[in-house]
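You will see chain A twice below: alongside chain B first, and alongside chain C after that.
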Partner chain A sequence: MKKTIDIPLGSQHISLLEPVRFKFECENEKIIGVDSDVGFVHRGIEHACTTKFKFDGIGYVVARICGLCAITHSLTYTAGIEKLLGGEITQKAKYLRILLLELDRIHSHMLCLSHTCENAGFEAMFMRIMGDREIIMEIQELLTGNRVQFDFISIGGVNRDLDASRAKEIIIKLEIVKQKVLGYIDVFTNNWSLSLKFQGVGALSLDEAYRFNAIGPLARASGLNIDVRNEIDYLPFFELGFVMQTHTDGDINARNLVRLNEILNSLEMCNNTLEGLPEGDIFTKLKGKPKGEVLVRLEAPRGELMYYIKGGGKSMLERVRIKTPTFSSIPAFSHIFVGENYADAPAILASFDPCLACTAK
Partner chain B sequence: MKKIEVTLNNVREEILEFYDAKKWHFLTLNGVALEDEKTEIQWIFSQYEAFDEIVIMFAEIACGDVVPSIVDIVPSAIISQREFVDMFGIEVDGSEKGLYLDQDSLQMPLSSCKV
Partner chain C sequence: MFNSFFKAFTNLFKKPQTIKYPATPIEKDKDFRGLIEYEQEECIYCLKCEKACPPGAILFVSVENPPNNEKNKKGLKYHYNPYLCIYCSECVRACPKPNEALWQSNKKPPIGVKEDEVNGVL
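Showing the complex of A and B:
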């Protein structure tokens, strides 16, 4: 038996922005075993949701789980409460929700792609994408008044309307972003540092994706057709031009290309939303208190986000269960590392786009 | 959302019979604290490419019960089993404690069991 050595990656490491620790068992350069620890900053949010906050305030609490997908968290929770209350929101509110949801996806994917460049030693591209990402942050500020924590979604609709002049301004900004993303696709396809270098590295086959219940861009890059937008009908994703993006190689390069194509699709959906924005109210008053149980899912930038909510007809809920995409992807992550070189571990990890804020909710 | 009641004795057989990895996607293992120190444990699945086809297998369990592991049937269940152990303090066969909560933090915060 060959001698092995344990090498940690995290909880603080130059390639990691968040507190997670992987312990790699290595045989020379090759990883032969992985152990992970994600419990560094557990915040007890599920517990707080049933002991500290009433149901109508929880949408703003769960938005604090993650700065990147705040809209996705508050929207999923709110959709669950609306199902329990039995109300229907206006079409305009649905459109505005999708607009913010897709903007969340665009800037989150841009962040992931920029970190992929950073891990490839391509600092200039990292800074270019992060700079361009500011345009999306500006659009979010135009829509909600805030760059990061929006508090835009409320039970019954959204909190802020959009007028025609701001819609026009946003359409112009989205076109600028689209041109920039087309430029990224050229770089990610033709530049050696970002294409050839990552081909075949950190690959997950389709069978393995099924076996480990992979989700999000990780699964779609392996050819697995899973996107919650394809499996729910309470928001009109297809009406606004949603098309699932997949690849078959399953490696880092494939994940990058899936994310790039998803950004383009999300930009198109945002454009369609703004051009076809219905007239009408943005808010419907829903009465009563949630009674019963419901399970709601939504496609967050990193994959399937699930909320299970149980209410007993009172202001305080009985259970709020939050299943975040990164947490449920850890078995797939761990499997991918095995057999790879330790030197590639940071780049592989960045291609997962892990969110430990969501994980340690 | 379809709920199927199972017991700790037959849950493995039920999941073995039901679970086709290319048709069903394992979402998570969930727990709901009930009165009288009981907990409802739920194994949640969704069908690929189908509109909201959710199946929940559930069982009502007591504090001292040992939940059988389904990791050999659904490998990705390992992570939610470990989370369940930490949050509810109920033993799951072969699942270690301490993934989610540190030793000095509040233990089994979602449990209805009186320790």
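Showing the complex of A and C:
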């Protein structure tokens, strides 16, 4: 007789933001096996990019893959096309791109932290973080004209300029967010339901993170120094004060703290960008059609995002391949669940911050 | 402990973070990306906006009674679908006469049903 029971989590479940299905094989309370299915929100975007849209409109198509990392998707694609066309964009456009990229990271991490609070049963904190996240959304609306679909980046630069009065307004708002985030760090380190309860739960060691190809905050919480911002040079991250945030514990609490420290670092980068914003044009016209193939990487809020673009000198591209951070982290996810209690599964899942709209595309 | 009671008590007198929409209107920024507006008399019918639009929300269609414009040699009429539009303003950037023939306003699109059918009266 079989001694284990199979418990499904998803595809629709109270602890999930997006549809994913996990099948846990449990022995008493312990999970001993995991099976996952992530393809519930497949929209065929890669195919649409090569059949329905011309290369100059695809930046807007890929931005619609995910609401949380919209800017990262369009920026990675655009950087690839700019490499193929062989143009150089202005320094001001690069600064504005980094500003939006870091704001995107802040609000995505805040959503993940609030979701972790909700799954820990701390609804009041969830409301508080979501309420404070509105400030970042307002800043994004001031910069781009929309809350979620920014459509800010185009091939050759950015679409909107930033004047000095707006920049001052944004710096004041960022300072408010910074004070709030410092308050969260206190709660996330001292509150029982958010820190002590989570210590040692869902741990991933450094060796396992390396072996299972973990990326993003998941890997950095285990002490793996992996961040694409550290490795690329087409955007001046170090000039604006990028510092890699790592932790050694690898558990849920460590992941939360890495995200909080990253928010603080991103806020500092945004401040540096606004204060040192160079003069100049925001747009350079690039001519020609993409010919050849290119591979571009960029650090999305959840880890490395990779685009492979192949063009044959025509308006329609031959291939667009998107590798998203959550997809790369699935082996690590599945490994972490093994040996944990079933009751901890929603909290562990929230700490991964999975983005399934990205993964299924 | 005392601190949290004090915070809970003061929270009772705070303003709510949410807005009582529609009783209180939501303020829209003047640069909010809204509907694309068009001035027929200023248009030179170069069709650049139609080519630039990523979802194909702007179409110039030949009609029997074309608008009275001397630049309109092919007898075309401008069509704009606000429900297909993604408000990216690529068309405005492509337009040779921005802010005269084509510009982006901060208005919302109209609701997708007729007014007399809103409350289920069909």
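Observations, loosely collected:
We adopt the following convention: the second predicted complex is superposed on the first by the 359 of 361 C-alpha atoms of A that agree within 3 Å, B and C clash if a C-alpha of one lies under 4 Å from a C-alpha of the other, contacts with A are read in each partner's own complex, and residues count from 1 in each chain.
Note that in this section a contact is a pair of C-beta atoms (placed from the backbone, for glycine too) under 8 Å apart; a residue touches a chain by one contact, two chains touch by 3 or more.
For clarity, every value in this text was computed on a predicted model and none was experimentally measured.
For the composite obtained by overlaying on chain A, chain B and chain C can both be accommodated side by side without a clash.
In the superposition on chain A, A:N159 makes contact with chain C only, while chain B stays out of contact range. In the superposed pair of complexes, A:R321 makes contact with chain B only, with no contact to chain C. Once the two complexes are overlaid on the shared chain, A:G131 sits against chain C while remaining clear of chain B. With both complexes placed on chain A, chain A has more residues touched by B than by the other of chain B and chain C.
Using the contact criterion defined above for the overlaid structures, shared-chain residue A:L142 touches chain C, although it does not reach chain B.
The angle formed at chain A by the C-alpha centres of chain B and chain C is 110 degrees to the nearest 10.
In the superposed pair of complexes, A:N28 makes contact with neither chain B nor chain C.
Contacts of A:F53 after superposition: chain C is touched, whereas chain B is not reached.
Remark: least CA distance from chain B to chain C after fitting both complexes onto chain A is 22 Å.
The intersection of chain A residues touching chain B with those touching chain C, taken from the two complexes, is empty.
Contact residues on chain B toward chain A in their complex (touch as defined above): 1, 21-22, 25-28, 30-33, 42, 44, 46, 48-54, 56, 74-76, 78-80, 83, 86-87, 98-102, 105-106, 109-110. Those residues of chain A lying in contact with chain C across their complex are 53, 56-57, 60-61, 131, 134, 141-142, 144-146, 149, 151, 154, 159-160.
By the touch rule above, chain C contacts chain A in their complex via residues 17, 29, 31-33, 52-55, 86-90, 93.
Those residues of chain A lying in contact with chain B across their complex are 37-39, 42, 44, 46-47, 210-213, 215, 225-226, 230-233, 294-295, 297, 304, 306, 308, 310, 318-319, 321, 323, 327-328, 330-332, 360.
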